[in-house]
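What follows is a pair of complexes built around subunit A, which joins subunit B in one and subunit C in the other.
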Partner chain A sequence: MKFSATINIKLKKQIKDAKGEAVSAVLSRIGLEDKAKVRIGKIFELEVNAENEDAAKTKLNKIIFDVLMNPIVETYEITTFEVIN
Partner chain B sequence: MIKFETIKKLEKLGLSQYEYEEIVKKLNRKPNELELYLFSAMWSEHCGYKHSKKYLDMLPRTKSLFSSENAGGIKIGNHVIFFKTESHNHPSAVEPYQGAATGIGGILRDILAMNARPIALLNSLKFGPIERMKLPDDINNAVSIINNDTHCDMESFSRNKYLLNGVAEGISDYGNSTGVPTIGGEVSFNECYNLSPLVNVMAAGICHKNNVKTAAAKENLYVTLIGSATGRDGLFGAAFASKELEGDSSDRLSVQIGDAYTKKKLIEATLEILQSKNVFCSQDLGAAGLLSSTSEMAAKGDVSMDLYLDKVPLREENMQPYEVMLSESQERMVFGANKAGVDEIVKICKKYELNAAIIGKTGKGNTYNLYHNDILLASVPVKALCKPVLYDLNPKKPEYIDVLKKKKLFLDTKINTPQNIKYLIFKITAAPAFASKKYIYSQYDSTVCARTLKNPHFIGVSPLYIREEDTTIGFSMDSNEDLCLLNPYTGAFNIIFESYRNAVSSGFEPLGITNCLNFANPEKPDVAYQFTETIKGIKDALCTLNLPVVSGNVSFYNEGVKKTDIHTDDVKIKINPTPVIGMLSILKTKNPIYTRSLSDETIFVIGKQINKNSCTGASLYQRLFFNFLGGKPDIIDFELEMKLKSAIFDLNIKGEISGAIDVSKGGIIGALLIMLFNSFNFNDNKNSEQLGFSCCLPCDIDILFGEITGRYLISAKNADKVEQYLIGSQIPYEKLGKTNNTGNLNLGFVKINLAELREIYENSLERKA
Partner chain C sequence: MNLASISYPQTGLKAAIAVFLGTNCEKETRMALEMAGFNVEYIFHTETNLEKFDLVVLPGGFSFGDYIKAGRLAKLSPVIESLREYVKLNKGFVLGICNGFQILCETRLLPGVLIENTKTKFISEDCALFFNNKEITIPIAHKEGCFWADEDTIKQIEKNDMVILRYKNNPNGSINNIAGLYDSKHHVIGMMPHPERAVLSQCGLADGKKIFEFLKTELLNFKKSCPTKNLSKKRVE
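Coming up: the complex of A and B.
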């Protein structure tokens, strides 16, 4: 079976987000929003082949932890997970 | 009587009951919770050096400047060159990228705090092995002692590769972004680092002698914090580094996260701020963050300090006072300035888009007071905070030292076949411990700042041009963990001389050292012995050479627990005693001497002669080929070393030698190969691709690969003149052989294509990592 998933990965709350701070500084400078809280992350859309739903989730977890993110500084969230065929 | 809950809490904070009682005595009352946190951090090994201070004070410091400050230095003309090493072992074991990056960040801030512009970075990296050495059966059969006690398996190889790549990437990303060149260093692999890799970094900076700023505050200054906002990262880092690593996941929150671009801005802002006459002192925020930087400022200046924690710019909500004080958020500096100075600081920080906040002030007295919204939270005598109880170690000579000394590597003479030696030459050339570290240093920017005179490709010291004084200085980093395990005293002593020869072979005169002392738990008598012997070795070598220590760092508790199966007890694996020596030297010859040989030249071995009875303990080939460590290390002949130095300088000034190298790892073969390989890199070397070498060496593994002290190879066009000089100066020498245009290394009994061998030397590490 084939599954598709969307994964959001962002820095843990306690980690300094330099890119987010840069965006926030720009927003303040151009006067759109003062001292805005901005956090920047990334989105992955990917497809995996697996026997069943459980196996797909296990595989997905391995992909997330071993490849997509650094568990020491980032957190993840699987926002969509569905069977394609 | 101490309450049970208090005992539990003390344990968690790493304070002993005795220390608690001392705190109560100094305060004349029981400390409140926040105060206990403050003492726990300041009295940790990482900040307070409580187990090492008494011993470090034995090291010679004459001629060094500011050696009790953030970084010490040595005067060259009207400038001071500051340099210091720092370890970031524990964080790098947990998260190699960030651990190494913030290590660079930390050491740069130490240099910066003195108002010195950082001009160079070096590093000494140590990992567990990334491959197993397999030898053919005929060699295995000929060796009577093979130590098969190895802790390695495939899983640890891949973890070590992950650590190596992560650390190299962290150093290159951070170092390159801050615009400070990484000019040299060393990498080695040893099983003792499987669970505790070592990441030692060194930074150097330059400052005019009249502009140096110290940490000592005076009365009525505003304490001004600049840089990134404070978050919870790296909390308890100081306590964390003072603890043996156990488990993995729970330690992860203690790692700091670096931001190299903010650091670049911080460097420029700090140097601009420290130009001001209204700014009197500066400190960087490293271990135990705001707490250690500000309390040391007050203690050194003999003043009191009030801090208002509500004024500290925070990145996270609901931070506790102790979290604000102990956070190790990166990219922060603190200054003591008068009102006009504060205005200047705010203006400069605005330009560089950095936070700046007045967080306290100094005054008469000696207390250190913490306020939050005008409520006094903690009030302690600042001197008590900064003067931890110091311990004597209880060294006891471990039994293994005499056992190893008596061990002998017995090689059957039938092992010495041309076939085997040819095989071993290929093996050592490909070994990560010997092969070119190009894969790693090519990731580093070594030339930014436009001071670098030769890239890290060339062995020997890394020279930097100091245009402020129109002179050239050199840096190097050296260590030898096998030798130091075999005999900590001789090991440490010999490393200083190894560094010394390194400088001499490049035409440089050593000026002083910094050290980074990496050990396991010093509370154990055997480690205490290794530590105290190492200190004696360093001290005696420096006194012999009349060189000072200008700065240093100690990293204890480098040991990890190897989880075995449930039926047996867990095994603790300690690192070998690993003192790493960083050396500053100054060019004494007209130009730096390169490690090279041109064609039609004679290569001489000068210095000690090796024979079957030489002490070759801890030679690389013994561990690499036979997994053997034992025997006696060679003893230095000081007078010979001095004679060799003046000979190399003299011959270079006379223009008689085109290249030199000290003989260390890999013995004669090792030095010869490096010299020949490096010769390929010179454009002025005609027909360099055809460079070959022909000599008549004995077909004997011990003689070819054995390592003893006090030897150099030099390459000369006019062999007769050099020979006359050597005879005249009564220097023992041997003509090794002549370079030619055959493209082969001909040892008399075996012929090897040099281009083929060189390809292995250059690319082996990349293939294996």
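Coming up: the complex of A and C.
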């Protein structure tokens, strides 16, 4: 079976997000939102082959922890997970 | 400048420079190591036999384009798997410079992680640092060079004397001004500054030599104190 998933990775809340702060400063400067809280992350859309849903989730978990993120500074969220065929 | 006037002492120490797709500092690293007396070989990131080397260097650059995050994809290379074994079995020393430091942190051979500089800029400048309680100046050139670790890890780092280099003016926001680290055994070294770019006084800076000379001395002492390493040396000879 083939599954598709969307994974969001972002810095943990206690880590300073310099990119987010840069965006926030621009939002203040152009008058759209003053001192907005902005956090920037990455989105991964990927497909995995697995025998069933559990196996797909296990594989996905390994991909996330071994490749996509570093749990020392980042967190993840699987925002979509569905069977393609 | 007359490069022929540079002397290359012979120490018998063998160093490997691991070249990844996107590495770009291997040539100057080779020259700096040779000036310190190392016999140097390039190895590709698919190499798995590190047996004959006293030192493995992960040089600067942008391995695998730094895609996802600096060092993230390089940590999955075959050479890194062998490097874990190399470190575990005390086969020799490891030096990671800039991208090499990022790779060592991603692989957990060194604690903590390098995140984006607090000012988000790519910083390229000569940088004042403290090395063995003395001030030296070595160039830095990075965007993800802000060292971060949780409180407990920082306590361990300080308690075990694992900081090899500190920034004087902390240009990137690193915790405790950390610019370079040892592992707990002092066999694995990672640093954001580029000592290999400061080994010729004719080019303005030569403080990087102090790092390579220090490394050479430490390695020679390590080999003297390590009987298995001496045995393997005899076999090779």
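In the analysis below, the second predicted complex is superposed on the first by the 85 of 85 C-alpha atoms of A that agree within 3 Å, B and C clash if a C-alpha of one lies under 4 Å from a C-alpha of the other, contacts with A are read in each partner's own complex, and residues count from 1 in each chain.
In the analysis below, a contact is a pair of C-beta atoms (placed from the backbone, for glycine too) under 8 Å apart; a residue touches a chain by one contact, two chains touch by 3 or more.
Just so it is clear, the structure is predicted and the values come from calculations on it, not from any experiment.
Of the two partner chains, subunit C is the only one touched by A:Lys42; subunit B is not.
Looking at the shared chain after the overlay, A:Lys19 reaches subunit C, while subunit B stays out of its contact range. When both complexes are overlaid on chain A, the residue A:Asp66 reaches subunit C alone and has no touch with subunit B.
When the two structures are aligned on the shared chain, A:Glu82 is found in touch with neither subunit B nor subunit C. When subunit A is checked against subunit B and against subunit C, the one touching more of its residues turns out to be C. Shared interface residues of subunit A, touching subunit B in one complex and subunit C in the other, are 15-16, 18, 70, 72-73.
Those residues of subunit A that touch subunit C in the shared complex are 11, 15-16, 18-19, 21-22, 42, 66-68, 70, 72-73. Across the complex, subunit A meets subunit B through its residues 13-16, 18, 25, 70-73. For subunit C in complex with subunit A, the touching residues are 68-69, 72-73, 76, 106, 112-113, 115-120, 148-150, 173. By the touch criterion given at the top, residues 94-95, 97-98, 228-229, 231-233, 252, 255, 257, 259, 261-262, 315-316, 329-330, 353 of subunit B touch subunit A in their complex.
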